[in-house]
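As written, the chains take the letters A, B and C, and residue 1 is the first residue of each chain.
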């Protein structure tokens, strides 16, 4: 999977599963390390706001993910590729998408399902149809709905203030209350570990863009469609206090747009395809937020768009130069 | 002319070598739909077993009268009759179970295991072979269903056949008793069965 | 060879085989035989099945009117319990609704009403039995007859603890659903992770309460004439 360094005489065409690395100086490992670096502000924000809870949750997911990768590689008699760091990234993203207080087994089961059912069953990195971290999260979300739903985020008497408030989207869904924008931007609200601070996600996203690791079209598509649907919703239900800006900064939209939807394996290959993917995900998030029983819909939106990614790839095959 | 298996062979084949669920991938609708708990799974297996046994015996008895182009009609007629009988009996004597299984009992009519066994075995072999075949296939089907149901019920509710097995603190994996859990469990058990038999074959190959 | 020869000489037996009847006689014979068998099964079991169906509803009714302990006491007592099924036209002018209900009489006195009502749940229709006292002022119990809510979450609406909350609530004001603790008298605690199922049940109860509050009286009740 790691492309050999290109020499002048080397005209071999490498055929490999995605992520397709076009720049030869960039390897899968390098790319994953860049993602980890981009996650740094998010992780720091999570630790700052959720203290010990964040450290514990992230460590559990990390260790479980790496162990699961090792065990499943062994079972399928495949060479162990922990060095490419993809399991570490999956572990981190899963951990950051969990509530701070979720019990230890949730992180462990989520990681095992993510790596086992989400990735290795399909044939390992590059062959998976769905974002592994989101497969793991969907599994635990449905398996332990009580622990992952609105009430799962609340930890009364924890010493961490924000853990005693309902998440902004839950407040909106259940009692129609709005939350002020500044805490939502900085991250001083309750929620999944990595999603609360829109600012930290933005910072990490900028780094990804600067390193050209993630496609800008996908986050752009997500934000654009969420903005449009949010504006239409503002127009239709004025004076609710919850505006398009809340929709953009709240929930997992920022985190998902930069770190989940941009997974190169499970998103389309062409720029047009990426636009379709981004716009579709953003619209689905808003539809799920506004009309479904769940307060947040990013996970399901990304999984649904993952499912149609092969179709998008077929629609948007680039016309070869000179072709009709 | 090909030599048909003896009754004993038929019986043994049904359990694993030609297991209807894990080997032939037949009858998956009840396999996925009613394996949320051991009790409904075993009731379903018993119902399918009864229908299969009766249909196989009747088909075998009339096998010399069957006309090739009308045989499917005769099979379906026979199967539908016994399914209706089972359905009525459940409604009369196991009312709650009949309600829980809902449409899946009438759906046994279109369960391909039964029509497959009528076609493959009962319409060609004598009554003892057909009966042994029905028993073997039903046992194989029952074991497959019980396996899936045991995993799903245990993880999903911490119970087996309604009796608490795991400690009270067990966090129920709700997904396991929902449809996704059926697909996941079935896929993983299928992989396990294939893995074990592949291992065994390799071992035997190495020995000879 | 023999086969080809046979075709040239039409025999009466062959003619008979070629007619539709000759082709399908086995199907017809089996159909008649199986039909007779099914008729026998139906004749023998239909009463039992029908009784099962009715018992499911009827056996719950005393419990809804008096609560489980007192219901057992009354069952073993000497005074007869009479359960009369009937209907009630309720609702105002434009949209009248017909409710199915049971009038419960114990020792000659009206002991309470039990109403059968249904509505949309999270997954599918939820069917409830709602017990109401003779004066139509308070609920005496709730039972979930049929539901297909999410196992482990929504299906907790059948748990005695949760549905027990409805007992004793006044029919005068609509109930609300509260997540977590709330001091309100008319609040029903939502089931964790199943707010929608909780709301669905409460909505059905509210609708029934609103409908019967002013219209349920002894003389608006229409018993269903039983054809025996």
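Quick notes on this one:
In the analysis below, a residue touches a chain if its C-beta (ideal position, glycine included) is under 8 Å from a C-beta of that chain, and two chains touch if they have at least 3 such contacts.
Quick caveat, the model's predicted, so the values are computed rather than measured.
Steps from subunit A to subunit C, minimised over paths through touching chains, total 1. For the pairs A-B and B-C, the larger set of C-beta contacts lies at B-C.
Between the CA-based centres of subunit A and subunit C the separation comes to 46 Å, rounded to the whole angstrom.
Subunit B has its Cα centroid 41 Å from the Cα centroid of subunit A. Our note on geometry: subunit B versus subunit C, Cα centroid distance of 31 Å, whole angstroms. With touch defined as above, residues shared between interfaces to two or more other chains in subunit C number as follows: 150, 152-153. Those residues of subunit B in touch with two or more other chains are numbered 174, 178.
With touch defined as above, residues shared between interfaces to two or more other chains in subunit A number as follows: 145. Those residues of subunit A whose C-beta lies close enough to touch subunit C in the complex are 145-146, 149-151, 174, 293. Across the complex, subunit B meets subunit C through its residues 36, 62, 65-67, 70, 73-74, 77-78, 81, 84-85, 88-89, 91-93, 95, 156-157, 172, 174, 177-178. Those residues of subunit B that touch subunit A in the complex are listed here as 171, 173-176, 178, 180, 184, 187. Residue ranges of subunit A in contact with subunit B, taken from their complex: 103, 105, 109, 117, 121, 139, 142-145, 147.
Within the complex formed with subunit A, the residues of subunit C that make contact are 122, 150, 152-153, 179-180, 192-193, 195-196.
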